[in-house]
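Presented sequentially are two complexes of chain A, the first with chain B as partner and the second with chain C.
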Partner chain A sequence: MQNKINFYIVEYAINSLLRQKYKTIFISIVFSMLVFLLSSLFFITNSIKYELKQTLEALPDITVQKIKGGRHYDIDVSTIDEILDIHGVSGAVARVWGYYYFENAGVNFSLVGIDEYEEQYKKSFVDVAANLDFTKPSMIVGEGVKIVMDKNYYKDYFNFIKPDGTLKRVDIAATFKAQSELESNDVIVMSKENVREIFDISAQKATDIVVRVANFNEVATVASKIKLLYPDTRVITKDDLKISYQNIFDYKSGIFLALFSVSLFTFFIIIYDRVSGLSSEQKREIGILKAVGWRVDDVLKEKFYEGFIVSIFSYLVGITLSFAFVYIFKAPLLQNIFLGYSQLKTSFNLPFVFDMQTLALIFFLSVPIYIAAIIIPSWRSATLEADEVIR
Partner chain B sequence: MNKKSIFLLNTLFFLLSLLSFEVVYLYKTKSLDGNSLAIKREFVTTLLLPDLAISTEASYIRHRSLSDFSSIYRDDASLREYFASTYVYKANDAK
Partner chain C sequence: MLLTPEVLTILILNIIFAIFAVVAFVLSLRIFLKWDANSTSITQYELEKQSYLAATIIKYIFTIKVPLFIFFIFALDKISNVITGAMCAAGVVDATQSGMYLIVLKIINLYLFAYWLRIHTTDISDKNQPYTRYKFGLFLGLFFLLMLELALDFSMFKDIEIDKMVSCCGSIYSSSSTSALSTLFKIDNSLLLMVFYTNYFLIVLLFFLKKRYLFSALNALFIPLSLVSLILFFGTYIYELPSHHCPFCFLQSDYYYVGYFLYFFLFMGTFYGLVVSFVKDSDSSYKISLLFNSLYVILLTLYILNYYIKNGVFL
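What follows is the complex of A and B.
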């Protein structure tokens, strides 16, 4: 049985590690921290990407916005009729929404108008439509909005300042479910009439128009037709949005990459230190082992066990800590990379994603490299004659 | 096997069990279940505002499809923009 694990060599490896107790402990701590940092960063991005991906398909196929003087401008609601005439379009809805900047708190609320009688909304948002009283001005707010309003003593209602300077009082009817917090944190939903009044948008105008296309293969054609019909519009397809998400993640990952390269660099310094040569004591040890009859592969096996024990121990510790840090303790400090100086902070409940690819990536970035860094210099010494090494 | 080897094997076994236990616990408690996923999808379908509110001041992160009134340089399909440098705030707003 050539491949059977030789426990005597394993024991020797353990003893060898324990002889250099402080060095082993130090390397294990650094190694665990590196795995911890790398995996935490990967876990956070994975979870956010996953969460986004889950809801991406619910996006409209095409968004049409009017551009005037290089800026976004309100679009005519009558545009819908002509868009609906295009073959392949299964539905078009005029959205009325926008940002409301609340100066006292320095935050942007997203005001979204919904219409009780609109089929599309009614079907998919039964809860909100049921809670919202369309007869008087009321709204449903995200949890972040509710907290900000509470802090500013708006417990039951909020006074919106209209463009003409007058106030519009709207009652708070309810808050969104906690499950959708990461999406709804800054959102205020109210009837379209109220949003129109707050933003001073006339009944003939809308913020933009979203279009549903029955066959997804026809999206590009429909988009180009709309663009031909209305040259003053910006037509954004779902794919454009997906690309732009990719861009923003690339930008955010740039920060990750900086951290990643720093930690990788640190790790390579440790490895370089190992590869650049064994200490004379370690060389003498290999020489003595050879002199008492160990073969080259025995020495290499022993070194492999040494490297394997340290790296697998550190890998397991790093991953375990990082799972707890990201998903149980909600990644304090690291989550600020995403939050920026946002004042409407979410509680940042990241969904747990068990991604084998990430775990394998971190494993192959760390464990084999470390083992190689142990084995290669030992192999150099082990292939020399015993007396030459000892001397 | 001597005492040290057994101790090492036990330690590795303990770590592995701890990790497995943690994964199972997180999977049971922290992963997105069908219900909350349905709520999220329903929310996005209704509002048609898909993005996560992780950075609500940065409009370009929050709602990718919205043109911002304070910037004219975002009207390209890729919507590339760098927050803080292209967004205007009064100095005393950033408390």
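What follows is the complex of A and C.
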């Protein structure tokens, strides 16, 4: 290989950078900020995606909803028996749940009903079912719910307003914390009868039906069979959800990136401008270098080494800063982009996810663009006439 | 149109490539037409200066393209999560009409650009710069291939429809498929392996005999042979599954990214094998070629041995 790195030129490049202190510092700061912003965004997305994936793993394989007039409607509990007859189905549970709007705080609680002896469709509910007292109206609430209720002076119980206007008093038994905060923060778990009473759902109806399939590969077939049996239902598999989540996040970060490309362009221009503005001192320097025998190629090489050093350095600084920002300081401000505007925000902690691909992505969006910006200015200065500039 | 960050990144870089490639093209054209190493005119002096810029731009494009190619495959693997039916990059490539051509074109371009670079280094290390006209003439052709590649990149990402069902690699690379590939599966494995290993040993033999053109020809033959044998035979040992023939799946983490190594070895080995015909004083090229070709063959053979030792039978 002919392209060996010439360490003397590297040393010269470093010294040259140190000599133009302010220029170097300016470029590094701008560059680092850019990398920092970009990588913070991707780190946050990655973490949220990771959390969602965990949530999804806990979700049932198939969810069956009844659709009437294009809208979600209560489904007959008796549907379960026929679904259970399909080969490959290892379990089906009718879920009773809904959103309860608590006007005082302006938040939505997710009310989930469970039965004491039925098989729980979510692992995190197994513990809850064991601890919940089914003999009297009591509930177990997520941490976020607990805080909201405390603020409104509901320390030990909460009054739900039923559709007919009467009150239903339910005691707060305990708070629970699931693996992922995304799924537990706004959740209230209580017995199915209580949820039915609060939402006025009759005993023959349920919100939807979740189906478990023993063999993962059969999910698609089972789903199509259910769809054939009940044409008026919407059958959602876990994979559908996964895909739509990935699409949402790819879309969100894609839009951001599209907007961001404007600042990349600006960055390009700034660098181009900064690098091409040579002081008479620098011109003389190049003249002297050429006079003592440097070839155009050597000067070019030196310029590119400078570029590489600055860009790799700023890249690393930017990445490190954003690691700290996202995973140590929990990305204040920036994470709001992804959270939506619900009052009872899911205050999740961002789990640490190390993804080589993201680092590569940020690398490709920063270093090559910087190098591209310095190609022409470097060439210009490298081909300066020695006699003209020294004179 | 797929708006994932990966795709956008590739497209943004492609735009930069396109702009710079046009600049390099214009310069190359002028150099190609007016270059006269013996002249002392001002134009010639200007051209010499400009040749540096053109060369730098081409070098830049190639240097970024190599890692970007890997990133491209990576991105395809990731997109495969979203597309119905696709389980690895093969499905995404198959999702559009231009996908397969694009991959082939990308690989050809990598070889050509690498060749250009090799010529370039020989050229500038010589005082007389004997290849200057030739290399810029070469770039005039390369430019169109590059532009075609960039255009195909764009059209492929534009055409991918998320909702459309595509084939999984398991069905694309199988003997039952109706595609052109199914005819490949009629080839007898033992015959194929015999040819593959014979080819390799001939390469080793010619390494000692130093017959330039034969060595290159065998290396050229080694590329398709390796790919076919990889799909038909060696792949199944990597997956330890007799029915799985996909040349993309082993790029994924499940197989420790071994595909990247395999393709890298194959590329380096055959590229330097081809180079010996085109560039004089290529002793080091012989060595590099043999080294990487051997690594490729050894790695694949180890997979088979490993399987045999573990299970006591062949697939």
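Simple rule for what comes next: the second predicted complex is superposed on the first by the 319 of 391 C-alpha atoms of A that agree within 3 Å, B and C clash if a C-alpha of one lies under 4 Å from a C-alpha of the other, contacts with A are read in each partner's own complex, and residues count from 1 in each chain.
Simple rule for what comes next: contacts are C-beta pairs under 8 Å (C-beta built on N, C-alpha and C of every residue); 3 or more make two chains touch, one makes a residue touch a chain.
Everything numeric in this text was worked out from a predicted model, so none of it was measured.
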- Task: For A:F313, decide between first (touching chain B), second (touching chain C), both and neither.
- Result: first
- Item | If touched residues of chain A are counted for chain B and for chain C, the larger one | B
- If you stack the two complexes on chain A, which partner ends up touching A:A372: first (chain B), second (chain C), both, or neither? second
- Message: I'd like to know which partner A:M33 touches here: chain B for first, chain C for second, both or neither.
- Response: neither
- Look at A:I243 in the shared chain and tell me whether it touches chain B only, chain C only, both, or neither; answer first, second, both or neither. both
- Query: In the superposed arrangement, which partner chain does A:D297 touch: chain B (first), chain C (second), both, or neither?
  - Reply: second
- Examine A:N15 and indicate which partner it touches, taking first as chain B and second as chain C; both and neither are also allowed. first
- Query: For A:R71, is the partner it touches chain B (first), chain C (second), both, or none of the two (neither)?
  - Reply: first
- Could you look at A:N185 and tell me whether it touches chain B, chain C, both or neither (first, second, both, neither)? first
- chain A positions within both the chain B interface and the chain C interface are 243, 247, 251
- Message: Looking at the complex, which residues from chain A come into contact with chain B?
- Response: 7, 10-11, 14-15, 18, 48, 50-52, 54-60, 63, 65, 67, 70-72, 95, 97-99, 103, 106-108, 110, 112, 114, 121, 124-125, 128, 142, 144, 176-177, 179-187, 189, 208, 210, 234, 236, 240-241, 243-245, 247-248, 251, 309, 312-313, 316-317, 319-320, 323-324, 327-328, 338-344, 346, 348-354
- Over in the complex, which chain A residues touch chain C? Could you list them? 1-3, 42, 242-243, 246-247, 250-251, 253-255, 257-258, 261, 264, 296-297, 300, 357, 360-361, 364-365, 368-369, 371-372, 375-376, 378-379, 382-383
- Message: For a test of understanding, state which residues of chain B touch chain A in their complex under the given definition.
- Response: 1-2, 4-5, 8, 11-12, 15-16, 18-19, 22-23, 26-27, 29-32, 35-37, 39-69, 72, 75, 77-80, 82-83, 89, 93-95
- Note on the structure: Per the touch rule above, chain C residues touching chain A in the complex are 3-9, 12-13, 16, 20, 49, 52-53, 56-57, 60, 64, 67-68, 71, 74, 78, 81-82, 84, 121, 124-125, 162, 284
